Amino acid sequence: MGGKTKSSLIGWQFVALPSAIILLFSFYPMVQSLLLSFQSGKGTVYEYVGFANYTRLFSDPVFRQALLNTLLYLIIQVPIMLLLGLVIANFLNIPKLRFKGFYRTAIFLPCVTSLVSYAILFKSIFSIDGIANQMLLNLHLIDEPIAWLMDPVWARIVIILAITWRWTGYNMIFYLSAMQNIDPSVYEAASIDGASKTRQFFRITVPLLKPILLFTAIISTNGTLQLFDEVVNITNGGPGNSTMTISQYIYNLSFVYTPNFGYAATVSYAIVIIVAVLSLIQMKVGGEKR
Amino acid sequence: MKNIRMSFVHLFLIAASFLSLFPFAWMIIGMTNTSSDIVKGKFSFGGHLSANWNKLLDSADLGAAFYNSFLIAILGTVGTLLLSSMAGYGFEVYRSKGKNLLFNVLLLSMMIPFAAVMIPLFRMFSSFGLLNSPFAVILPSITTAFMIFFFLQNTKSFPRELLQAGRVDGLNEWQLFSRIYMPTMKPTYAAAAIITFMNYWNSYLWPLIALQTQDKKTLPLVVSSLASSYNPDYGIVMVAIVLTTLPTLLIFFILQKQFVQGMLGSVK
Amino acid sequence: MKKMLSVSMVAALSAGLLAGCGSNSGSNANSSAEASASSGGSAGAKQKVVAWAWDPSFNGAALKIAEELYQQDHPGFELEIVDMSKTDLEQKLNTNLAAGVKSGLPDIILVNDPNIQKYVTAYPNTFADFTDKVDFSQFSPYKVDALTVDGKVYGVPFDIGVTGMFYRKDYLEQVGFAPQDLENITWDRYIEIGKAVKEKTGKYMSTINPNDEALTSILLQSAGSWYITPENKGNFTNNPVMAETLRVYKAIADSGIAKPVTGWSEFVGSFNAGDVATVVSGVWQIASIMDAKDQSGKWAVAPIPRLNIDGGKNASNEGGSSWFVLDNSNNKDLAIDFLAKTIGGNSTFYERFLTENGGVGSYIPAFSSDAYGQTSEFFGGQAIYKDFTQWSTEVPGISLGMYTQEAKDALKNELPNILNGADLTKSLSSIQKLFEQQVQ
């Protein structure tokens, strides 16, 4: 018993300082912003309104639209990206693969590339007489150019492509580094037993990477629910509000519209609640015993 | 069979690399073209690289911006790696109910959009008298729930036998962490270093608010003010963007070896 | 890990060494910032004012001219201009004001005109009152209207965006239209001309971008209306100007004369590449049009078409900004004096701003100067600035109100339905509803 208490105390030494820092720099502001979510007004002129902001949330069509868009990105984009990242990482982990370093660097590049240039580029690729349309026309897949960024469905698809392009390599890094912690002898043994590569992937790699898969699933969920840059720079939420995300709406409420920081805080807490619930589900599904 | 398999893998990776490299190639080509050619989407090298370069040097103090960015990113990364790995290690190796609860609470902190906490945070740093200093940028993300979570999840695959062996050798708990855990987890530290450096290097919103005078600004802020005019010169912007991208790439080049070496070697 | 640490230590050290050259300039700026903080009233000593602006080649350059002019009588005066993008500036300002942190704020800021009333209302007692500091009768009335909130004028008028219809003479001649055929026309006539141009030359008449409110804004103001009423209520239902604006907008979209574009660079690219015959835009667009040097002599500019209803004018405005002074800045009086004596009442400033940066202001005495009378070779010898300033006196004055952006976004949300042929009355009342929901 005494030994256990001692070990626990040492554990607290490891976690105390980092936790204190997060509590100070994240929780204190979070509490402030929670208090703000019960107030409404403009700029510095505020009054206490109780739960009025929260009831407003339920009748706010723009919030509803932004929430739907965000969930749509989440459901479609996150699984595609994670699977793609995992497959690529698995390929790059083949011991005898040539040009590994090149592939690895190339695929990681998008998340380093500046948002400004990639937004200009994506817009020009998907403009009416951009490369995307020219290629599809030349292949006779379409008869007339598609107005990508002016059609609600296509615009969402472009956003999904953009996020996948930018963040697949990022997730790949997590998988690759975690794969290094797998003892190669496990694979050797499986090969001797005659297990195919595909079988090894599903029977060895995936289960052993489970903690990291769970980690990427949670951070991607979180990242998608806070999606902002891509949408603002590529479609600016349009056409209409069809690509607008919750984060963009929060930003607009604070800095584009007549500032109502109280209502913006309320919308933020909607995200917190959704992410917390989703993460909890993911942890349960991911078999986390906490 | 094996050859077909490998050709498929190569084909897949070539396609993925091409798609990934394309915008980057476009940026490099953009460096050599005039602004109006870039807007037209010209995809061939032009002869304006030196003109763009000289105009860039005239219009921005890149030396100071590079210094500020490096200072923040390096101090921030070293601090984050140390603090977050300590916490990730502590939460996983010395599991207890209280710590689990604390960790779940910490996890909540990464779920709130930054725009919502920015104003209270700004007020806080103002009262500390730390605005307009590199520490205002470094401190709020010097440990993140995100990185603690990353280390924690990776620690799950850390072979505990090694700690036991270390205890037998007479190491104390902190020595176990610094002499056994840290060297063993090299790939994890490398990945964390790349990601953290990148986050600090590219961070935008908070430095924009927290840094107040021109001489303290980081590179992304300087680049953004170049692209700010009604009629921006994209030629200059492209040169600035490529320059901004290079350091992260360099860090990636240096650290990615860790993903190849793997555990073998580091354990010994 | 040890190795990694030592690598980063080396890197940190070398970064420190590298910085040797950079930090010199840094410490200079620092000490002068301290000087400015303590300057206050000490006359004769160096006096420094800090200003935030967002385009170094335009409004930043204008401040430099003003600084030079002011220094002639005030040798100790110094101005520090901090450049950042417009969105960054607005965000930084909002955060500082909302947090109540004054330390990082400048003395002077540039404000986009539609934000004026918003800032003055959301942050009371924050901006200096200019009512008695500048002779506002010398400025175009519509510009002063935009700066007036509750009878007080809150800044110095700066650039304007009086609109014109830039057109390619060569394309239109090809179809048989002479310059006088384009003067003082209606939008319906514009569409007819556009169809002829499209048919005979294959070129588009204009661009259209459903994600951008520039065209609807121009149309509304040309007949003295806006998205919101002066009382800050939605102005969508029971507003003939709004109905006519959207009818014209849909007619342009339906006629096939407009090339769809989705962003600013595509828009600029379309006329730089010679894809369109006309560009309806603010006077500041001259710079981007003149970027296509191969098109010199092929352009001209006419008044914009008008809405065919009561009060419809062939003149409007797109964009424009003004200078504000922060009320509790340490150098408030100096900043006010600086602005009032230069941008607020000095013809030389406006002449130089036009000649050096192509910027057009609303200061009437400058309009009769040689600078404003100059002709442009690019525009075939037309005295373009004289024309633009002439039109600027005809622009209807409106109140931009507090919720312009909210109202624009409410419209933008419904615009796709309108373009798809939804019933206009119904659409307008749903826009009105959405707007009211948004500004509670």
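Every chain is named by a letter (A, B and C) in the order it is written, and numbering of its residues begins at 1.
In the analysis below, a contact is a pair of C-beta atoms (placed from the backbone, for glycine too) under 8 Å apart; a residue touches a chain by one contact, two chains touch by 3 or more.
In this text, all values refer to a predicted model and were calculated from it rather than measured experimentally.
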item: Chains contacting each of chain A and chain B, listed by label; value: C
item: Selected interface, B-C versus A-C, where C-beta contact pairs are more numerous; value: B-C
item: Cα-centroid distance, chain A relative to chain B, in whole angstrom; value: 16
item: Distance from the mean Cα position of chain C to that of chain B, given in whole angstrom; value: 36
item: Residues of chain C engaged with two or more neighbouring chains; value: 91, 98, 100, 265-266
item: For chain A, residues that touch 2 or more chains besides their own; value: 120, 124, 254-255, 261
item: Shared interface positions of chain B, touching two or more other chains; value: 41, 118-120, 190, 224, 227, 234
item: In the complex with chain C, residue positions of chain B that touch it; value: 35-36, 39-41, 59, 61, 63-64, 66-67, 70-71, 74-75, 77-78, 118-120, 122-123, 126, 131-132, 178, 182-183, 186, 189-190, 193, 205, 208-209, 212-216, 221, 224-225, 227-231, 234, 254
item: Residue ranges of chain C touching chain A (in the complex, touch as defined); value: 87, 90-91, 94, 97-98, 100, 118-119, 121-124, 210-211, 259-263, 265-266, 402-403, 405-406, 409, 412-416, 434, 437-440
item: Chain C contact footprint on chain A (complex, rising order); value: 42-45, 56, 59-62, 120, 123-124, 126-128, 147-150, 152, 235-236, 238-242, 252, 254-259, 261
item: Of all residues in chain B, those that touch chain A in their complex; value: 5-6, 9-10, 12-14, 16-17, 19-21, 23-24, 26-27, 30, 38, 41, 83-84, 86-87, 89-91, 93-96, 99-100, 102-104, 106-121, 124, 139-146, 148-150, 153-154, 156-158, 173, 177, 185, 187-188, 190-191, 194-195, 198, 202, 220, 223-224, 227, 234, 237-238, 241, 244-245, 248-249, 252-253, 256, 258-264
item: Complex contact set, residues of chain A against chain B; value: 7-8, 10-15, 17-19, 21-23, 25-30, 32-33, 87-88, 91-92, 94, 97, 99-114, 116-118, 120-122, 124, 130-131, 165, 169-170, 173-174, 176-184, 197, 208, 211-212, 214-215, 218-219, 222, 225-226, 228, 246-247, 250-251, 254-255, 261, 264-265, 268-269, 271-272, 275-276, 279, 290
